[in-house]
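Take a look at these structures.
Next, two complexes with chain A in common: one pairs it with chain B, the other with chain C.
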Partner chain A sequence: MSEANDKVNVQIDGEWHQFPKGTRMIEACRLAGKEIPHYCYHPKLSSPGNCRMCLVEMGMPPRPRPGEDPPKPDKDGHLPIQWIPRPAISCANTIAEGMGIRTDSQLTNECRHGVMEFLLINHPLDCPICDQAGECRLQEFSVEFGTGGSRFREKKVKKPKNVDIGPRIRLDDERCIMCSRCIRFCQEVADDDVLGFTDRGSHTVLGVHPGKELSNNYGLNTVDICPVGALTSNDFRFQMRVWFLKETNSICTSCGRGCNIIAGAREDKLYRLTPRDNNEVNSSWMCDYGRLNFHFLTSEARLTDPMILEHRAHRIARWSEAVGRAAEKLKEFDASKIAIIASGRMTNEELFMARRLGETLGIEKIAIVPRSGEADDYLVSADKNPNTRGARLILGKKVDKQLKEIAAGVKKGTITALIALDENLLKCGFEEDTLKKLDLLISSHILANPTASLSHVVFPSTATVAEKRGTMINRTGRLQRLNQAIDPPGQAMDLWEILRDLAQALGGSNGVYLLEDVFKLMAGTIKEFEGLSLGKIGDQGLPLLKPKESIPLLERERERIEKGIIVG
Partner chain B sequence: MNVPKEIEAEIDERITHYPVSKRSAALPVLHSLQEHFGYVTEEAVEWVAAKLDLEPINILELVTFYPGFRQSAPGKYHIRVCRTLSCAMEGSYELMEKLCQEAKIDRSEVSHHHPIAVSEDGKFSIEFAECLASCGTGPVCLVNDDFHEAVEPAKADKLLKQYD
Partner chain C sequence: MSKANAINYKKGKEPHAREYRLVFKNVDRKGWDPGIDCYLQDGGYRELKKALLMDPVDITEDVKKSGLRGRGGAGFPTGVKWGFIPPNNTKPVYLICNADESEPGTFKDRYIIHQDPHQLLEGMIISCFATGANLAYIYIREEFPEGARILEKAIEECHQKGFLGKNILKSKFDLEIFVHRGAGAYICGEETGLIESLEGKRPYPRIKPPYFPAALGLYMCPTIVNNVESLCNVKHIIAMGGDAFAKLGTARNTGTRVLCVSGDVVNPGYFEVEVGHITMGELIHDLCGGLKPGRKLKAVIPGGSSAKVLRAGEKFKIKKGDQEIEIGIEDIPMDFDTLMACGSMAGSGGVIVIDDSRKASWILNNINEFYAHESCGQCTPCREGSLWMKKITDRITRGEASPDDVETLESVAFNIDGKTICAFGEACAWPTESFVAKFREEFLADTSEKYDDAILNPETELAAAHLSSET
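Coming up: the complex of A and B.
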């Protein structure tokens, strides 16, 4: 009985469905496979119901007048529906028992036509030069619900164009359809109430208050949720047509949060990162810092080939030659004299291969470089390494402490060979003079840096953002997948490949060829990974370890869901 | 901005009428300031926002929405001529023209965002208003708080003379 009570019967386009009590009409329709066009509604924001695009025809069981017989249910127990001549917005209204919704009736379609016609009256229709074209709600719904021609013969209202509303965002007011999503995002999610509508009426203008700017670290999310091309990202505008972008699901690796993202690339060039929904990690948002932290991929300093130090100068080497040289040199050392500096930016698979290399050679000193900074009260974690928890799980908790010991060992001369993986040692407690004392320094880097300059063998490695596959564990213990969106430049390789080749050259073939093989080995060795495979992790990740912190932004969102302010 | 003590006291008192949310006091507070200063300056917008623990944009939205709030200084006598349908048909545009002629007001710079024009001597200012709620007796206008009905455009000078 109680279960039946929590469910509400609703007829959508002639078919009866059951939905939980309190479901918004628009969400019920979506669950029934009927997408309702909408602009202002966003499940993570409040619903002002201002665009009217989501109007539908609605009905309820008739209420008998005094003396009249109550309506009779049909053979399935459903009451007849009395259709209401006035349409209702489906975004802000919740379903009720016996409700009927028509998403494709004459009334509904007329409403959509009407709303589209009004929205287009003052719209500049500059799709050919608009960045949003191809992912524009106005464009899409025009095709579906527009009339194809305009009856408007009057002059369009002129509004501000190309307005700098902050360091990263530009506004075209003529394109704005006044849905207020951006305003609500700033008020409700980013707590930075700087946007607003002035001169409301036919001249409504969206803007920032004079002297203020939209500069908070989450501002670019407004560009994503703007259904039209009114808000554009300075970084992305005019760079690439969105329909050329190949989209790859991955995660941001700029901090320990691991926000889920979509990487948009074309022909091995990454053009943008946008947030991907994950209600356990980043909701629908990401920070601007993480979003824009990929331009180093095409930096002039990018290493593209292995290098060997000969006669005090580096020369480019073939991959096999560099691996051979590194292995040959390593063999000259007693394991107790070798240390490995790994990185909290490495994937689990790469860390696991570092551990295997250590085991093959009997190396006991292995560390990672901690990177701590400031957390904000939203998503950004104080841990600037994306995979500290993976490193601790795979290499052991000692990795945090060993860095100092290794640095001291190098100084004292007890450690004479060092393998540094994607870390610039001069930035983490090593001095140039001490490094020069080393008999062997093998390192991998994405960009040229002073450590690379001092190394005997240098391997070019790939970037976590968009260039490699693998997994990481974020601060809240979630195991998540990185996917490769673009091919790395030149001979650059993933660290697990570099380490695989090195281990093979040192100890012979070990049956590891693919990333899947590494994961399988890892799943067989570390109990937390038992029974898992890359495929099982899926696009939303899996909870693997105990969360060690909560995510402030998500906490607040959950409160708003509870209060019914947002759908979530 | 210098808000005199007694005006601030009046404003503080007005705010007490809205115990649930100070935000609701925004309109009365703005009226108090406009009554005193004649119009709402950018500084005033910020002052009100600070007073009500809001962001300035929240106040600017109101000030730019309600035609009753002015963002530029009016003349000593501020005239508002109704231009909604009934009055327009009864000649409010002509009335506007005549009033401007008589008071020496140049409206060529007027726009949606700057609706008010002021006479050279600063005595009169003028703007169009929407319905002033006397459609049967158009054209109508307000001069400060005085309401004038069925004002014949030809008699615009007579109307102005009352405010010498």
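Coming up: the complex of A and C.
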């Protein structure tokens, strides 16, 4: 009985459903398979109910007047519904026992037609030159609820266009439908109340407060949630029509948070990263830094081919030749003289293959390069490596402390061969002179750098963002999947492939051909991965290790959910 | 209470014999000034002393019994509203006096504030005591600088006499009242917009539910918002008792009402009458001296510019006892329920009389211009629709509209009505709905079919030129 008390019976388009008390009408309808069109409502923001697009016809059981008989329930125990002539917004109102909702009635449809018409009369209708086209709510709902023609015969209201409101964002006030999502995001999520409306009525304009700009590290989220093309990203605007973008679910690798993202690419060029909902990681947001940290993929310094140092100069080599040379050289060393510098930017699979290489050769010294910086009070983690926790799990707890010992060993000459994976050694405690003393330096890099210049063999590797497949474990212990959105340039390969080839050249075939093989091996070796497969992880990731920190932004969202301010 | 015979009014400002001066008792009174001494000499603050000895619950009960309905526009029973403060409330309670008086055609609150500020303060202090508010605000429109100054002074005087501040008249009741000046927007009169404005924000009205002020008002605390005239009446309810007050006026439409008559009458002005005791015709012909010479009544907007217009010659069906009878415009008794039954409302008490020299389209356009200018712009239908309606009526008055435009105009109003956040939506839609419905022929006569296909938007013209050049 107590269970039933927490549930509420609602009739949606003639069918009865049960949903938890406190469910917003719009969410109840969604759960019942009836999407309600809306602009201003966003589950992570407060609900001002201003766009009026989610108006629906609503009814309640009739309340008997004094002396009147109470209404009689039908055979299933449901009371009749008295429909209310005034429509209700479904975004901010919660369901009540016996409520009826009609998402497709004449009244509901009239409301939608009306609001659509109102939204369009002063809209510039410049879809052909608007970046939002293709993912614009105004376009989408026009198709569904609009009419082909316009009854509007007046002059449209003129407003500022191409307004510079911050270093990364541009505003077109004529396209703005005044849903206030961006304002609420800045107030409620980013604590940077710089946006606001001025003027009144149809002349209302959005703008930044005088002397301020929208420059906080979360500002670009406003571009995502803007239902129209009023806010556009300087970085992305006019680069590519969105319908040409191939979307790949992945994660951001610019810090240990591992925000879930969608990578938008076309023909092996990455155009944008946008946040993907994950209420255990990043809610619906990501930071601007992480979002824009992909332009290095197309840098001129990008390594595309393996190189071999010969006669004091690097020459391009075929893949097999480079692998062969590296293996041949490594064989000359006693394992105690070799060390591996891996990276907290490597995937679990890559780290595992580094561990296997170490095991094959008997190398004991493996380190990663710690990378710490400042955390903010939102999402950004102080750990700038995306996979420190994976590295510690796979390579051992001390993996980020061993770096100093290895550096000292190189200096002393006890270590004479070094394998450096995607790390620029000159930035992590090694000096050029000591590195020059090494008898063998094998390294992999995404971009050419001084370490590559000093290496005897150099492998071109892929970037974590968008080019790799694999898994990582974020700061809160969640195992998440990276997916490949674009092909890497030239002969660049994932490190697990480079390491696989190297191990094979050193010790013969090891049965590893695919990423899935690596994962299988890993699952058989490390108990935390037991029973898992890449497929089982899914798009939302899995909790794998104990969280080591909480996520401030999510904590605050939880409070707001509890207070009923947001849906979540 | 009998009509005070001893009161003399300024020459030329004497109340009409049919008036019943209660709230306006001291307006235009000879030898009267807004100072506290004058008010005290006249027995002022006697009701406060009486109320402070009462149980607050009994005061609310008395206000309920009095049948007092809000004078701000909606006519909601004041005592019932006070009763909406959640019973187990632990937050502070606020009371706000709505002195934004901005509905076109309404000019009563300003006279009370200018000439009899202590009546308002006394009513407020009693109301605060009844509702448990220790902090109250008077939100006064920016355009009343003199009113704000007078109120500040009156509040200061109250402090000196111990009617405000701590432990008022040793009752252990504390109260502060602050005057807050608006910044010139009609929407600040809407109670939730007013509250936002008082909180220092744009006056965007809040959605109801959940933000009913009596539960979640100022700073999310229970807040009672009442009109100036409503609060003044509270003093008189204490003076005469709720039951006696309820005998004034008519059943369910009790007390008096200050009607503000403007427009095409010989003597426009304010008239305080018992609710429902005079008809529209009596108001126009007796109290206001009739229409201008040679003019015929065309229409009346009975409750501020947002009320639906009533056309002369229209037949209205109202209930009389158990019977339904048909009456004409001049027979309508001026009370809440009858005006509602006639399809309009008593609203803010602003009666706008229109004679046959006026064009319906011109009047509607004037009203539409006001609402288009004052829409706060928060919600889509009102923001876009109010300006659209204005642009259409503007063209109709210029003779540049087609018959289709009249149809569009009407449907725009319907698309606003009932679909907005606040009642401004209705306020701006009702004039169009009623004017077009009742003067359709006149509107159509102003249009011409030659504008059927006229392209009025220069952008459309440009686009059309492109289309034809490409074929």
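As a convention for this text, the second predicted complex is superposed on the first by the 568 of 568 C-alpha atoms of A that agree within 3 Å, B and C clash if a C-alpha of one lies under 4 Å from a C-alpha of the other, contacts with A are read in each partner's own complex, and residues count from 1 in each chain.
Note that in this section a contact is a pair of C-beta atoms (placed from the backbone, for glycine too) under 8 Å apart; a residue touches a chain by one contact, two chains touch by 3 or more.
Every value quoted in this text rests on a predicted model; they were computed, and no experiment measured them.
S.K.: Once the shared chain is lined up, is A:E154 touching chain B (first), chain C (second), both, or neither of them?
M.R.: second
S.K.: Applying the touch criterion given at the start, work out whether A:G77 contacts chain B, chain C, both or neither, answering first, second, both or neither.
M.R.: Touch status of A:G77: no partner.
S.K.: Taking the superposition on A as described, I'd like to know which of chain B and chain C A:L195 touches: first, second, both or neither.
M.R.: In the superposition, A:L195 touches chain B alone.
S.K.: Go through the superposed model and pick first if A:K212 touches only chain B, second if only chain C, both, or neither.
M.R.: After superposition on chain A, A:K212 lies in contact with chain B alone.
S.K.: In the superposed arrangement, which partner chain does A:E117 touch: chain B (first), chain C (second), both, or neither?
M.R.: second
S.K.: With the two structures laid over each other on chain A, which partner does A:C51 touch: chain B (first), chain C (second), both, or neither?
M.R.: In the superposition, A:C51 touches chain C alone.
S.K.: Looking at A:G67 after the superposition, I want to know if it touches chain B, chain C, both of them or none. Which is it: first, second, both, neither?
M.R.: neither
S.K.: So, does A:H203 touch the first partner chain B, the second partner chain C, both, or neither?
M.R.: So A:H203 meets both chain B and chain C here.
S.K.: Which chain A residues contact chain B in one complex and chain C in the other?
M.R.: Residues 196-197, 199-201, 203, which sit in both footprints.
S.K.: For a test of understanding, state which residues of chain A touch chain C in their complex under the given definition.
M.R.: The touching residues are 47-53, 55, 85-87, 89, 92-93, 110-111, 113-115, 117-119, 121-122, 151-157, 177-178, 196-197, 199-204.
S.K.: What part of chain C is in contact with chain A in the complex they form?
M.R.: Listed in rising order, the residues are 185, 202, 204, 207, 209-210, 372-381, 383-388, 391-392, 395, 405, 408, 414-416, 418-421, 454-460.
S.K.: Can you list the chain B residues touching chain A in their complex?
M.R.: Per the touch definition, chain B meets chain A at residues 42, 54-58, 60-61, 64-65, 112-113.
S.K.: Applying the document's contact rule, which stretches of chain A touch chain B when the two form their complex?
M.R.: 193-201, 203, 208-210, 212
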